[in-house]
Every structure is written in C-alpha cells, then in structure tokens.
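As written, the chains take the letters A, B, C and D, and residue 1 is the first residue of each chain.
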Amino acid sequence: MKRALPFILLLAGTAAMYLLMPYNLAFATRILVMGIFVLSIDLVLGFAGIATLGQAAMYGAGAYAAALFAAHAWAEPVAGLAVGAAAGAVVALLSGLVLMRASGLTLIMLTIAVAALLAETANRARDLTGGADGLRVAFGPVLGLWEFDFIGQTGFCYAAAVGACVLGLLALVARSPFGLSLRGLQSSPARMAAIGAPVYPRRVAAYTLGGAIAGIAGALSAQVAGLVSLETFSFTLSAEALVMLILGGTGRLWGALLGTVLFMFAHHYAAAADPFNWLFAIGALVMVVVFVLPGGLLSLPGALKGGRHD
Amino acid sequence: MTLLLNIALDGIAYGMILFLVAVGLSVTMGLMRVVNLAHGGFALMGGALAHWAGADLGLGFWPALACAILGTVALALPLERLVYRRIYGFGELQQVLATIGLTFIVIAAVNRWQGSALLPVPLPETLSRTVDLGFRTLPAHRIAVILCGLGVILGLWLLLDRTRFGIRLRAAVDNRAIASAHGIVTDRIYMATFGLGAALAALGGVLGAELLPVDAYYPLRYMVLFLMVVAVGGMGSVTGSFAAALGLGITETAARYLVPDMATFAFYGIVILVLALRPQGLMGRIA
Amino acid sequence: MSRKPLAALAAVTLGLAAGQATADEIRVGVVAPFSGPFALYGTQFRQAIEAWQATHGTRAGDHEISFVYKDSGGVNPDLARSLSQELVIRDRVDVLAGYVFTPNALSVAQLATQSETPVVIFNAATSAINAESPFFLRTSYTLPQVSAPLADWAYAQGIRSVVTTVADYGPGIDAETAFSEAFTARGGAVTDTIRMPLSTTDFAPFLQSVRATGPEAVFVFLPGGPPTFAYAKAYAENGLKEAGITFLGTAETEESNLQALGDGALGLHTAYHYSAAHDSDANRAFLAAVEGLGDDAAPVNWASVGAWDGADLIYRMVEAAGADGRAAIEAALGAEWESPRGPVRMDPESRTLVQNVYIREVTRNPQTGLLENAETGIIATVGDLGWKD
Amino acid sequence: MTEGLVVRGLSKRFGGLVVSDGLDFDLPPGARKALIGPNGAGKSTFANLVTGIHAPSSGSIRFDGADISDMDETARVRLGIAKTFQITTLFTGLTVRENLRLAVLERERRGFRLFCRADGDPEVEAEIAALMDQLALEPLADRVVERLAYGQQRLVELAMTLALKPRVLILDEPAAGVPGSETHLITDAIEALPADLAVLIIEHDMELVFRVARSIVVLVAGRILTEGTPAQIASDPQVRELYLGGAHG
C-alpha cells in the first residue's frame, strides 16, 4: 500500500490539474512533457551518474524525427512517438560510443558540443527542417480517434497517458537488475569493473535508453505544439531541465517529477508577475538547493526530522 | 599567399581574444579545480563597470579599464569567501549548478543596473586606428590584444613557475591538508588566486568586447565558448588554454575564409575530435 | 479519454464566448519577450501600447480596450503557443498580438484559425507566416519588402557588383534571395554569396574575403544585437569604406544600438521602413507620446512603431467589429492610415502593410550630437514582395 | 589438470620508470601465497597487471593454459580472477544486501535485464543470505555501506568478491586501515575461504601473513627477491635485513 501511495498521489495530481486548470491545459501539458524530459536526465545522470548538459540533443532529434515522419509518412502521433524514441536512441547510441569513454568536465563539454552540432545541422538542412523558421506539421488524430483540439484536452490526456507509460517503464527499470547496476555505475565505476560488469557498454546502454525517453519527450512536444524549432536543441533547455532535476532530487523518479512541477509553476506565476526578478529568484533558488539541500526537495522531510534518511 | 597570411593574422588575433577571455577561467577552473561557470559573470562585471566608468563617469579608456579590474576583484573576493570557499570540495555537477545560480544573479543585477542593451566601451584614439601592414590593414586594437595576450601568458608563467606564490599555489591545489601542515596559508592562496582569475576575467571582458560585445546576457552567450577553450587546453594548464585558444582561433578563421558556412561545424568538430582522442585535453594532466 | 468533459467544457467555452459578444470590454493579449536577451522588444511593445492609450484613450467605439502581457522569453514556440492558448481560453482575450520570432508566431496559427482570434504580429518578418492562418495580420514588414527595393536603389546608384554576406539561417537566406533576385533582374551581378554562421562574432575573415573580391557594395543581413554591432565595427576596421565598398543593410543601424556603434557607423546605407528621424507630424507625436512615459522610455525603433501601428489597427478593428473575429479581420483589410513611418495600408491579400521603404544614411544630428538614420529618399512603396499564395 | 595462474617475464614501465621487472610467478589452485615487500616495490602494480587494470609492457599472463595478457578487466573477472582494493571500494550509497546482490547479478550476467525485479530471484537472495552468514554480516544487511565501520566495510568487500565465485582471489592489503580490534574478523574470514581457491595476499601486517600464508614471495624494486615458506622467509637474512634495517615492517 505504501509503495502505491506515490502513484495514487500522482494520479490525483494529474486529475486535479485537468479539473482545476481547464483553461490552462496547454500549460499543464508542457509540465507533463517537461516531466518526461527531466525523467530522461534523471535516468542518465541521477541513476547512472553520467554528467550531461546536452540531453537536448536527443530531445530535438526526437522532435524533428516525429515531425518529419508525420509530414512525409504517417501523421498518426503514437507511431510518431516510436519514431521519436528511435531517433533519440540512435543519436544517443552513436554519440554515446564516443562520449561514454569520457568523464567529468570533458564529458559535459562533449555533450554540449554534440547538441550544438545537431542544432547547426538542423539549421543548415533548411529544406527539410525549415531552419530557424521552425517546422510546422499537422498531426492526425491520436490512434485515429482523438483529434488535437485548441483547448488542449486531447493534448493533455495524450501527454498524461504517455507520461504514465514512461514513468511505469522507468519504475520497472529502476527496480530491475539493470537499474541496480546503473546505481552501481554512479557509485563506483572501479568497483563495477572489479565485479566483472562491462562498464562502457553499460554506460552506453543507459545513455541510449535515456536518449529514447528524451526522444519521446521531444516528439510529444512537437505533436502537442504542432511545431518544432531549433530551440529544441538548445543548451538552455538542457540546463533548465537539469535545474529542475536538482531541485527535486536526483536518482529518484519522484524527485524529477516534483522538481519539474515546482519549477514550472514557479516560473509560470513568478515570471509572469516580474520577469526580471525571476532570474534573481531562480539563481538564488539553485544556490540554496546546492548548499542547503544537496539531495533536493525530496530530501527535505528527512532533513527536517534531523536524521538522515536510509 | 596573401590568403595564408590573412588566415594566420586574423586567426592569431581571434585566438588571442579567445585566450584573453578564457584565461581567467583557466586559472580558477584549471588551477583551483572549480568548474566556474560564473567566469562570464566576472567578465560581465568588468565590462559593465568599464562601460559605467566610461559613459557615466566620463573616464577615459585606461582609467575605465583599471576601474573595471579593481571593481571586479573587489566584488570577487567577498564572493570567494562566501560562496566559492564552500564549493571547492563539491563534485563537478554541484559546482556547475552553484556557479550557474551565481551567474543568473549577476546577469539579473547587471540587467537591473544597466539594462539589457549593449554596454560598449569606446576605444581610445590609439587603439581605434588601423595599422597598415603592407598587404593589408589591421586595427591597432587587435595588435594590442595580441601583445596583451603574450604579456598575460608570460606573466602567468613567471608567476606560477618562478615565484614562491606559484609553488605554494600548486602545493595547495595538489594537497590542501599537506600544504596546511607545512604552514602554507591555503585560504589566502586560494583567495589571491581567485582574485587573479576575476581580474583576468574583467580584463578579457573589456579587451575582448570588440569581438564579443558585452551585454547583460554575455555570460550565457559565451559560457560554452570559454569552457571549450579550457577543456580542449586541458585542466590545470594555462599553456594548454593558450594553445587551445590559438588552435581553435586559427582553425575557425581558416574555415571562415575557405568554407564560411562550415565554420561552426569546424569548431565543434575539432572540439569533439580533440576531446574524444585526448579526454584530458591537449596539455592536461591525467587526473 | 472520455468525451463527456470535452463536451461540457466546449459548452462552457461557448457560453463564455456568447457572453463576450455583448461585453463592453475587449481584451488584447500581447505575447512577447519580457525577460532574457530579447526583453527590449517586450518593453518597446508595452511602451508603444501605453503611449497609444495615453494619447488615444482606452475606448474604441463602444468598447473599452485593455491589454494583458505574457512573457515568452526567446524563441520558444511551445511556450508561446501555451501562453496564447491560455490567453484565449482563460483570459478570454479577443485579439492576440506581439510575436517577435517566426517560430513563436507560427505556433499559434492553428489556435487562431480554430478559435477565430485575430493575431496582430508586431514584428516576426518571415513572409510565409501569414499563409498559415487567415487570422494573421502583420504591422511590421517582411524581409523581401526591404531587401528588394535596396537592390533596385543600389543599381540605380550605378552599383553593378555586390557580394552578399548574411547570417546562415532562415531570415538571412530569405534576405539574400530577395536581394539577389532583384539585383540580378536589373542586370547587376552578385559576385559572391557568403553565409556566416549565426554564432559568429569575428567578421574580419568574411570582410577580408569581400575586400579581396573587390565588389562595389556589400549587402548584409544579421540578427540584431551583438552580431550587428561586431559587423559594423569590422566593416569600419577592415577598411572596406576606404576601398569604396558601399555598405547596404536593413535593420543593422536600428536605433536601440545605434549610439553604441560610434563614428564607425557614419555613412552606412540602409533601406528600411522606419527611422526614428522620420520627418512628419505623426512621427513627432509618436515620439512625444513615448517620451511622455517618463525616464524609463526605451529607445524607439521599428519594434516600437510596429506595436504602435498594431494598437492603431486593433482600435480600428474593435470599433468596427467588437469581439467578432471574422468581422474584425474584414474591417482591417484595406484599412489606411498615417503611421509614424509614413502612409500605410493593410494589404487585403498578404495581410501585411503596404508602406514606403526609405533609403537612409547614418549621420550625426548637429543639434543632439547623436547618431541617427537620416532618410535621403523613398525608394519604393511596396507590399510584401515575398508573398506567395 | 588445472595449472591456475602462470606469470612469465612480466614487466611494466610507466614512462622511464620500471615498476615490474621480469616477474615469474605461479598461483595454482588451493594456493595461499603472500606478496610482501617495502613500499614502492610494485606490489599493487603487480596486482593491477594480473587483474587487467594495467596492460603489461612485456611478458605473459596465462590462466588455466590460456593467454589472458590482452584481456580487459571485465573479461578476467568473468574468468574468475577477482581482487579487493587496497582502499575499500564499494557502492557506498547502497545497502550491504544491495552491494552483494549487484555482484551476484553481474556474475550471472543479468546486468542488462530491464523488466524483472532485481530482488525477485529467491535463489539469488538465498545466496546473498549465505554469504552474509559466512562473514557474519547479517545484522548489517540493510544498513547503507558508507555508515559502516571500516573493518565492516572490508568484510563487505570480501563478501562481494566471494560472491563472484572466483578461482583466483587477490587481496590487496585486506587489513590496511582496519583497527586492531577488528583484524581478527578479516583473518578468520580468510582462513575460512574454500580450500580449492587460489589466494594471493598483499600485506604489510606480518602477523596476518604468517598466520594465513603457506608460501611467501618477497618483492623489492620490481623484482622477486626470494620465495619460500614462512619459516624460510622468517629466517632469510636478506629479508631480515630488509625489514629490520629500517624499512617499513
């Protein structure tokens, strides 16, 4: 029962968003998409300990792949998600073969460089991608049944369903031998090698899986917005998502979700009220979390109790 | 032949600007092992102070530059004490986040103070002239930057390799506990080094402004560029940053002459190639 | 996913829409960057609108007009669309306005069409945007609109060879195409086309290449801000002016960064639809209205005038049609008025303004001592030359 | 006939520095050998060469007749050559049970399994329980490793290494850093190791060495000085010179 509690809370939260914010469904949908993206970073960074500031490379690849697939092959969104996931996975696999041999600052730089290269490629391939103008694509009804409406009901329910699937998948993975081995990788690559685990292939696998999920998030964003822009590859997107993850707490799925929801709400309301001071607020918030709550907000109850959680 | 000369000249001039804007980071990140994403923030402080001194106080270029460097150091030292001292022992990611947070605060502060428009520092007559080199002209400013870059690398080499301060700094970085045991006051050494990094950041921000114009969002716009130079050069090596800046500068300049639309690919391609083959950077020590 | 809540919500929304038609208050949602590197646009939009309301009141016909502002940051179509949707559905705005970047404008096409909400674009200048929804209107300009007349003017000045240097992204290439087509159609020769990476800050290599080619003029298109600043500097420093290579630009000498360019900018030629130095009563009234806002007034440039004319157009639409989107579009098409930039007319087909394009030269105003874009003549009165239906 | 680990002419240079110089070494099944020598003699480098962390500059390493000189660490562990580190290296954020589970699952090559629970296999859980029982770790089973005493962490590391079911076990200073009151835990555990397991102990603690080793190799400056039974080594004048003459003991 206790294990199911977070799921029940999450379900209730999603339903509450739908019922309490019927006029803000587009915003609620963006939270869901971002949540999936942050989960993908959590898998790569929080579980496997692979430091990245370039996860947007896979997000953008997924978004463009889904849009191009819809424009030239089949406009059904669920198929588009599969294509987006595949594109994210392929980009992560190919870049991961080089990147996963590096670590630390070098790795961070390489992830940034890969995203920058992809952005430039998409910019250059204007005939295909529309370049800086963006690529506008009309997607068909979800599973041929539900048309995307401008109020955003279909978009929200669709994103919630996809988000639930991704979360379910990651909850499975987190408890699997693979998930355990990722935590091992993060904790001590030397020890992993000493127990005979193939460290490099395992890191590539983790990066690829994270890439697939980022690809799904990107594809989903393309579908609900009906548009893809070069900004899907941007450093800002990677960095912002990372801040959300750290805010919530790394290495735990709920941390990723909590951080995303809080950050997005804070941004939506605080930034609307005072865009300038928002930057002050976010800067201060990040520093407070790093200094005072390195485990993220999810570690707050434990910290308040005075004891450390086990 | 003229083309080759052009590439060499513009490449060195551009590379030297890259070196000047990144060398402060090479000091804080390379020597002190802090992934200091707020480096651009200190350069911005310098640029904004110089603009303020020039435009609002009516000072000339050189007094404005001095004002920028001193002002930035004056702001950096308390920050070292309050913020950086606490993050020296953190992991790379934590350092990245803490310094990104600091960068946001600096941007917001400058934005509030000076607005979001460009913050130019008008050059003095001596630097805004163009110098005739026979086959072409070159702005005097670029020549000054090249000389300044050479001066900085020489000065740092003397400081780090030839003085007691340098020896103590390297001892402090390599092993803080042992250095303390030998009576080296590591806190002061760290503070002085950090001040040096901030001063170099301000110098680079002001001198580099002709190519990398300063506005409130300067730190975010060029953060990746600074980091790339230092990462390619190798952590812990000022000489490495120098080589990387010149190498990247000449490569990108050559691409701009020969295949202008591929220049971005050339830049990132080289970065990926170098880091994939030598993860520790050109002259980095293996950790 | 049940159909029930959908139906219920649709009913609610329709009910709200029905209530709106009789309401006296018309709300306009402005989506623009109010934070980040492009925050100046948002400030200029807001100040132009406030200046308009300060001088023209808040009533149009029988309707009270109010504006709601939303911060879209930079290029972020997801956010722009979500904010616009929220404005239409929750804040019940009757008109959307603003939109600095092309992707952001494109992202609301479907929303505008489905909800029949007129969208008045204050800035985004890619020709193709307006084809995406019949509810798009544009009070700025399009790239071909200014680039092609510039080519005509250059040819008329006796310039026969040009090298184009543009930023390697959509708008840059659109400008390059429009200029080259117009220039070669006249009989001129484009001897080289250089596309410069968007992130470039060191323009010396490109301009040295231009110099080596030795054309009579160089055409440039760059995004505003630091790149433009660095390019203008590099043009002066690399001796192109001395070599007799004329600078042909568009928005490069816009007013918000003009003073920062310094003396190096003197004599630069640009073709554009608005200069803050335009000599007319309408412009003086506009400048006075913005200055009347107080010390915080941002420099006035094309973005300000786009918003000012946008407000003008919105007032006309509301006066004629109230909250009825379709009727409002009908009322807007063909509308003519005297703008601070000169006479303008909303082209019924391309839904972009037909306006004068001026040739300007950067000079120092002897009275204020400041740099300004002195208009030396009208080159053309044109609509969107890039419009393809 | 199994021949175990056979090392011939093994050398390792780091730049100009020769750390291992033409070593010949045998470790048949059931062996209990100790490698001793002063600091800097190249003991840890030897261990790293055997386990594949470093590649040799020359020479060969054979295991059960097959040349494994070019194999990487992972492949050697999978052949059955396992080691503990000089400084305890564990998954510090995980519990004792999770550390052991990870080792067992990797040995079983299940690390890529995505869709079953890591703790879902009763056989694996039973094996973990047996290992903890063997080293008296049960009371600590669900404690996070980083909060254990150092001697306890040492035991966890030993248990993890045993979980790999190795045929060659290299213990790099198993008692280093362990308080005297806890050393017996380590000694007892080593004495209770399976009889057919080949064990190499690198250690400074002579008491421990003389208690568990049946044969001792003395390494000085990258070369083997001498090899013999504990009694022979204890009476060897060269060794006495080395250890009583001021070098570390």
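We adopt the following convention: a residue touches a chain if its C-beta (ideal position, glycine included) is under 8 Å from a C-beta of that chain, and two chains touch if they have at least 3 such contacts.
Please read these numbers as outputs of a predicted model, since none were measured by experiment.
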Co-neighbours of chain A and chain D resolve to none
Which chain has its C-alpha centre closest to the mean of all protein C-alpha atoms shown?
-> A
If you tally the C-beta contacts, which comes out ahead, B-C or A-C?
-> A-C
With chain centres defined as mean CA positions, report which chain is farthest from chain A.
-> D
Distance from chain D to chain B - Cα centre to Cα centre, in angstrom = 47
Cα-centroid distance, chain C relative to chain D, in whole angstrom | 72
Per the C-alpha means, the centres of chain A and chain C lie apart by a whole-Å value of 34
Residues in chain C with touches to at least two other chains are numbered 39, 168, 197-198
Give me the residues of chain A that touch two or more other chains.
-> 120, 124, 236, 276, 279
At least two other chains touched by the same residue of chain D: list those residues.
-> none
Touching chain combinations (by label order) | A-B, A-C, A-D, B-C
What residues of chain B sit close enough to touch chain A in their complex?
-> 29, 35, 83, 86-87, 90, 92-94, 96-98, 100-105, 107-109, 111-112, 220, 224, 227-228, 231, 235, 261, 264-265, 268-269, 271-272, 275-276, 279-281, 287
In the complex with chain A, residue positions of chain D that touch it | 51, 53, 73-74, 77-78, 82-83, 85, 89-94, 98, 101-103, 105-107, 110-119, 142-144, 160-161, 163-164
For chain C, which residues are in contact with chain B within the complex?
-> 36-37, 39-40, 168, 194-202, 204-206, 208-209, 211-212, 225-226, 229-230, 233, 237-239, 256-257, 260, 262, 299
Enumerate the contact residues on chain A facing chain C in the complex.
-> 18, 22-27, 29-30, 33, 120, 123-124, 126, 130-134, 136, 138, 146, 149-154, 157-158, 161, 221, 224-231, 236, 271-272, 275-276, 278-279
The answer for chain C against chain A in the complex is residues 1, 5-6, 9-10, 12-13, 34-35, 39, 42, 70-71, 74-79, 81-83, 85-86, 88-90, 102-103, 106-107, 109-111, 114-115, 126, 128, 132, 168-171, 173, 197-198
